[in-house]
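In the two assemblies presented below, chain A is common to both, partnered first by chain B and then by chain C.
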Partner chain A sequence: MTDRSITVNGHPWQAQEGETILEVAARHGVEIPTLCHDPRLKPAGACRTCLVEIDGWRRLAPACATPVTEGMSIVTENERIDRHRKTLLALYMTDHPQSREESERGAPDQLFDMVARYQAPSDWGVLENKRQGRPDDRNPYIQFNPEACILCARCTRYCDEVESVSAITLAQRGSETTIATVDAESLLDTTCEMCGGCIDVCPTGAMAEKIPLVRGDKPERELEKVRTTCNYCGVGCQMDLNVDPDAREGQGKVVKVTSPPVGTTTNDGNLCVKGRFAYDFIDHPDRLTQPLVRGEDGELHPTTWDDALAKAATGLRGVTERHGPDALGFVSSSRCTMEENFLMQKLSRAVFHTNNVHQCAAT
Partner chain B sequence: MTHPIRSSIPDELQKAGGKLEGVAREIAQRTGIPEAHIYGVGSFFHLLDRPHQKVRVCTGLSCRLAGADEVLKAASEAGLPVESCSCLAGCDVPPAVLRERRVLPAVQVEDVKRAGGDWQRLRSSSPLVAAPHRKDEHWSGSIGPENADPSQLVFDLRGKPNFTGEAYRKAAEMGPEAFFQQLEDSGLQGRGGAGFPAHIKWKGVFQQQETTRYVVLNADEGEPGTFKDREVMLRRPDLVLEGLAIAARMVGAKEVFLYLRGEFEVPWATMESALRRFVDAGTFGDIQFHFHAGHGAYICGEETALLEALEGKRGMPRLKPPFPVEVGLWGKPTLIHNVETIACIPPIVQRGGSWFRELGKTEPGTKLYCISGHVQRPGTYELPLGIDLDELVEAAGGYLGTLKAFSPGGASSGFLPASERNRPLSFQALGEVGSMLGSAGVVVLNETVDMKWAVMQQLEFFEAESCGQCAPCRIGTYYLRDSLDKHMASQPRTESLRHVADTAWQMNEGSICGLGQAAPLPLTTALRHFPEDFER
Partner chain C sequence: MAGLVTTFGAGAMTNSIGEIRDADFLFVIGSNTSEAHPIIAMEMKRAVHRGATMVVADPRAVWMTTLAQKHLQLRPGTDVWLLNAMAHVIIEEGLVDEAFIREHTENFEAVREAVRKYTPEEAEKVTDISAEDIRWVAHRYATTERAGIYYTLGITEHSHGTDNVYCLANLVLMTGHLGKRSAGMNPLRGQNNVQGANDAGATPIFLPGYQRVDDEEVRRKYEESWGVALPPEPGMNLNVMMKAVGKSIRGMYVMGEDILLSEPNVSKLEEGMNNVDFLVIQEPFLNETARYADVVFPSAVFAEKDGTFTNSERRVQLVRKAVEPPGEARADWEILVSLANACGASWDYPNSASVYDELAKDAPRFAGISHERIEESAEGPKSGLQWPCPDPNHSGTEFLHEGGVLRGKGLFSAVEYRPSEELPDQEYALLLSTGRTLYHYNAATQTRRESGLVAKQSDPFVEIHPKDAGKRGIASGDLVEVCTRRGKVHARAILSRQVRRGCLWMPLHFHEARANLLTNDAGDPITQTAEYKVCAAEVRSVEKDGAEQRYPGSYYAMNGPGPGAGGERRS
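And then the complex of A and B:
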């Protein structure tokens, strides 16, 4: 990598070939607003919030999509850029729900943060929304609120470039441009894998998780985030449990799962359908929370781990003695880690002398 | 050569009769292209998105001045599957009507009545198509000026097509370097709108390290008021094809793509049969020509949107830089030119760059001016680049009524007052007053026109044609039209226009492409030059 000498707001800085203005600025703590940018995606340069001035360029340039070149001189704050941000955000607000409460039914709406941050006018009037949604989509997890969509296309690009699923697309054009599925089908009838990534990347909450909306949970901003490791499989994705501290008489309740910011954990902001949506088991009445053993009466009764393990061992040994080792088979859960799976096959092969061992995610 | 399968999406959708329910899925199953992508493309292009509309009446400014509204009303009363549409490049033969993909010139209410509710029977009774030797698949507009000396003309639209391939052979003998010198001497500027010096692009493509290169013809002509490319293709397809072959030969391309707007069924046929003559004679060696139809989207005239459409994507302009010269079709260096620009090439080869340069008045060459609106003989006029409005209108038989305002270069150039009638119609002179020559689609408005109304037509056009990718344009075009609507609906006039200046500023600074950047001009220029019309 060759170095590039550039100037940002008068500071002489070194940058690397291929780095964008936004990346260099971020590295030096220079603030440039973005809405359509996501480091996992190819820059679209579509939201226009990140425009900066480059010496010798007639037009403002998108910092997210412009690689630095040797000698480039960049300005990120001046009167022109300030007017740009204010008037752009003012326009955005004419085609958006007018209050945070109205808009923020899903996730936090960054447009409001930005309007406040740059003191943009939000009194330019209101246009009638022309974007179509799919209010009748019967999928259980994902809801698209077209009113709040700013067409940053992060959701569609994420679905294309990260998930390689391409279940959703930009459709129509002009002010009718919207996010759609083929023939407005339910996501369930498309290639969608319900990874929920489209929700996670959405800067306005237009793409939102359905269940908390239906349940009428608190807005995400009022929830407490608790970082943990997903226990659905061995990958070990980091996730944030979003807890409503007041629920269940102050005991708290997990009402949503979100992924940690991009670039902070190994899963890089990604989760799968299980990690993101299947958190219901936490408080489910059928959830097993202690060992149970079936008694003479045919019912399950709570017991200690020692007792339960001893009972299991006796049972397994009994089968081998009566029918031989190959009468046994061991199947481990896809929730197990690599190490647990290793132990499982040791148990099978070394202890019970059978090769009948499998893991449910292996096929 | 095979091209990525995606590029077949628009054709596949057209073959299937448009983006009807189930079509995207069926194509996806057959081709392996994600179904949502096919659907997204289909919904972008009006001809694919709304295939059940068989008749479309142009509601551009010139067509509206000539009674398009009455025709549209008559058609819908007659029960035809009809809707309005953006400029059909038939402003000289207003009102232009599209029947499926065929433009019918000068359609009258009587023509609509005669069709008797059957769209397939809709014909134009205009003398343009009514002459005994003509059918509606063969018509062309008026050209001029009368009595021009052919030796002073580049296109000589009245002249006989020349299929000898002389210019191609001469260029091949010259070789690229010598030809580029001629091109530079000619001073040829792109005729598609931006007026960029042609030789810089040719040399730029020639010098790329990548050896796969493409030549693309931009025949998407959609700027309201513009129809010259149609006329060139109808009358001198030989010039266009030979120009493309020379371009390919000079920049080292083996493949040429011709992108004609979908409404150009008639020019397409002329171009195809002209190409057959060249190909049958083997004139251009192994250069391959591919035709590609647009499907109803003005924005695809923007060069990078056009490339996206060729690749089978939604016609959303790319960020520039990089320019197509470096990163063009499928990422390869690409030379893209307007029809008129390309048609200048064979004459420049034949007669030399300085001959071409000398033809101009204030800038090099002759120019095909399109004139429509309130003039006697709307049409395409080949005149020295830099003549003024009065000279142009004189060639077109004079004004109808008293000149009030004119749009010198399509909707994107805004409006100028009559006091600018003697300003050269050139790239530079019009640029100096914040307007532009653009595609030289000149529309003349007389004293009967209320500028609020005229502006409204242009704003509706931009709103309908914005690709929707970037907020300044997507929301701005909607916001401006909505503001003017509110202004017109309120009496006394309210404050509805108070954010126009800021919105226009934002659209110009913030938009990705020229559509959004230019879209506020009709309103801002009319407010500046005709404030009284907005107070009435």
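And then the complex of A and C:
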């Protein structure tokens, strides 16, 4: 890696060969706004909000897609850039939902943040949004709201470059350009694996989670995020359970799952179909809510904790008394926590005096 | 796991997940990564897009083969032949890392002798992989600096599973692909906390932190800590225990597993369950095993409790309570404490963090880890702590065996090929393998309660090659009966060139078509892991269905996976 000397807003900085202006700026804590950038994806220069002025260049250049060169002198804020950005944001707003409430029924819409941040005009009139959606798509999870789309193509690029299934693509031309599937098929009938990465990368909520929308859950900004570890495979993805604490009479309900920011955890902002969507089981009506014991009639009956614990203790001890400690077998679980596995083997060894304990994934 | 401990001194991924993207050669064997570990698959895809070479060895044309430079579609159960032949080539071509072997290993000569007869030409006859491909893969693996091996249950769920692991370890040791970034040997763990369950001592041989129960010094330490005498003899492992159910095992305590869905050859196990005096289970849902339970404790799920899971890369991470459990359900750890106390113990743990502290206190590998430290790390570039982490100032270990193998010397193990226990014959002419799909998880108690996943994959199915189907008059979508010497189940036939001719493949997730009524409980002689991947089977049509059936995961057409974003299939 060779060093490059550059100047940004008058400050002399060192950068490395191949780094983009956006990357160098981020490293130095200088904010350049962007809607289409994602560190996992190749630069696209699609949204044009990151334009900067480079000494000697006639036109403004996208910071996300411009690698630094030796001696480059860059300005990230001035009147010209500001004017350009205001125009651009105002244009984005003309065929976009006009209020945050209307647009943000699910995920936050960063376009509104940016309009507010840069005081872009919002009175340029409203154009009809001509992008086609797939209202009849029967896939259970992913909804495309074409009116909120700004064509930054983060979703299609993620689908190509990260998930590598290329289920969605940019289609049509001009103002009719949209995010589409082949022959407008349902995502269920495409190569889509329902990872939901398109939802996660979308800056405006145009790609959205269907179920919370259909159910009429609270929008994301009103939910509490609880960081936890996924309970499916052994990758250990970190994820944020988005909880509505008032639901279920104050017991709380997991409304949806979002991934932590790129670069902060092992999963690097990615989740799979199970991690992102498969959590209906948490408050499923089939859940057991009371201890059960088998009665004289051979059926399981609800009982109190004290009764169930006493019966379990008596039953297990009875086996030990009749047949010795090694007549007991303890099956622990690779699905439970470290702490629970520790206690299970301690129960087996220290309380029932047998080493017949194994976790379930051993066969 | 046993294989890895024997060879290297630690049973875990030697690299971290984040290192995969920088690998230059990926040898993926017996792992349907994009379905079983989708996030690791994304890292592999990233490596391939960067220019890495990926080779996938699998009897099925799994999705990852669409991005692979080569797909070695070997006959199921012939891994030892393939891997020994690769070792043969590496030795023959003088590609071994002599210095590494000298300094860091022992017993290489035995392997050199053993693999002499495993020539690629002979291997071709057994494995159905061309000698040319075997040479090419062996050469590329040995000569690429950052070469990693990734495997899953397709390697271990055989009656010779430990042999397979030894063979892979031999390749790693003879090439010195160990103790550096992006080069090593990586078992991808199937359950969220399978690593942690082993680490915590939920095994018949080891107390927490892989300290043997038959080591007197270890036992004395724990007897002192816990204030009780401990049994000195190793206990039964799960496979032995399952076979002893109703015989020498007369009482059971089962937490968080549906043994009657997940264990092999379940009809035999059900017979045994009838002779069990007392069974306690601890579950969030009623399951098949509950039919035999005397007491059922309702337990909380992961979103309702605090604790830690340890992932495949040895990273201990926090599980945090987000919502309240329904009704009177309680966290598993709370139930265990209550039960111990109901049996006369006096356990006192105010929270799960205090349980972890006790675990860490006597297990040197985790001694530096605590809930508090993990909480602090959440703000860092990567959350969690990777063991070994021996003291509170240690920052954890990204990849193992740096500067020397943990065991002291990496142990080469000479392995001879043994055929699978039960191979196809006249009566049962097909070879059945079982596995997972992307859309469900194990016994599917969680995923089949998820409407969306059910929309994607609702019913049990079996993949069959069109030629085998044609011979039996089976059309795609027919309801068929799959039978083995142990049992039979019904499923929809999916005609697919994903499977080899002569092979069947079934997912294990569906309780109405329990694949484990079919599977063979023949165990590996060392680990007793059952042969879920190979048994003899036959199939016949029981009900015609006019409608052409799509693969219920949709991306597989009749001819196997289509081209991925990486372009056309290259082999």
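The working rule: the second predicted complex is superposed on the first by the 286 of 363 C-alpha atoms of A that agree within 3 Å, B and C clash if a C-alpha of one lies under 4 Å from a C-alpha of the other, contacts with A are read in each partner's own complex, and residues count from 1 in each chain.
Everything that follows uses one rule, which is that contacts are C-beta pairs under 8 Å (C-beta built on N, C-alpha and C of every residue); 3 or more make two chains touch, one makes a residue touch a chain.
Model, not experiment: these values are computed from the prediction.
Contacts of A:W124 after superposition: chain B is touched, whereas chain C is not reached. Shared-chain residue A:A308: touches chain C; no touch with chain B.
Once the two complexes are overlaid on the shared chain, A:C47 sits against chain B while remaining clear of chain C.
In the superposed model, A:R27 lies in contact with neither chain B nor chain C. Judged by the touch definition given at the top, the superposed model places A:T190 against both chain B and chain C.
In the superposition on chain A, A:S166 makes contact with both chain B and chain C.
Looking at the shared chain after the overlay, A:R221 reaches neither chain B nor chain C.
In the superposed three-chain model, the partner touching more residues of chain A is C, compared with the other of chain B and chain C. In the superposition on chain A, A:N270 contacts chain C only, with no contact to chain B. Residue contacts after overlaying the shared chain place A:N356 against chain C, while chain B stays out of touching range.
In the three-chain superposition model, chain A touches both chain B and chain C at residues 160, 166, 190-191. Contacts from chain A toward chain B in the complex involve residues 43, 45-48, 51, 59-60, 62, 65, 80, 83-84, 87-88, 90-92, 94-95, 124-125, 127, 130, 150-151, 153, 160, 166-177, 180-183, 190-191.
Residue ranges of chain A in contact with chain C, taken from their complex: 40, 138-141, 160-166, 188-195, 211, 226-238, 241, 243, 248, 251-254, 263-268, 270-275, 277-284, 286-294, 300, 305, 308-313, 315-320, 322-323, 325-363. Partner chain A is touched in their complex by these residues of chain B: 21-22, 24-25, 28, 34-40, 43-44, 49, 297, 299, 314, 319, 463-472, 474-479, 482-483, 499, 502-503, 505-506, 509-512.
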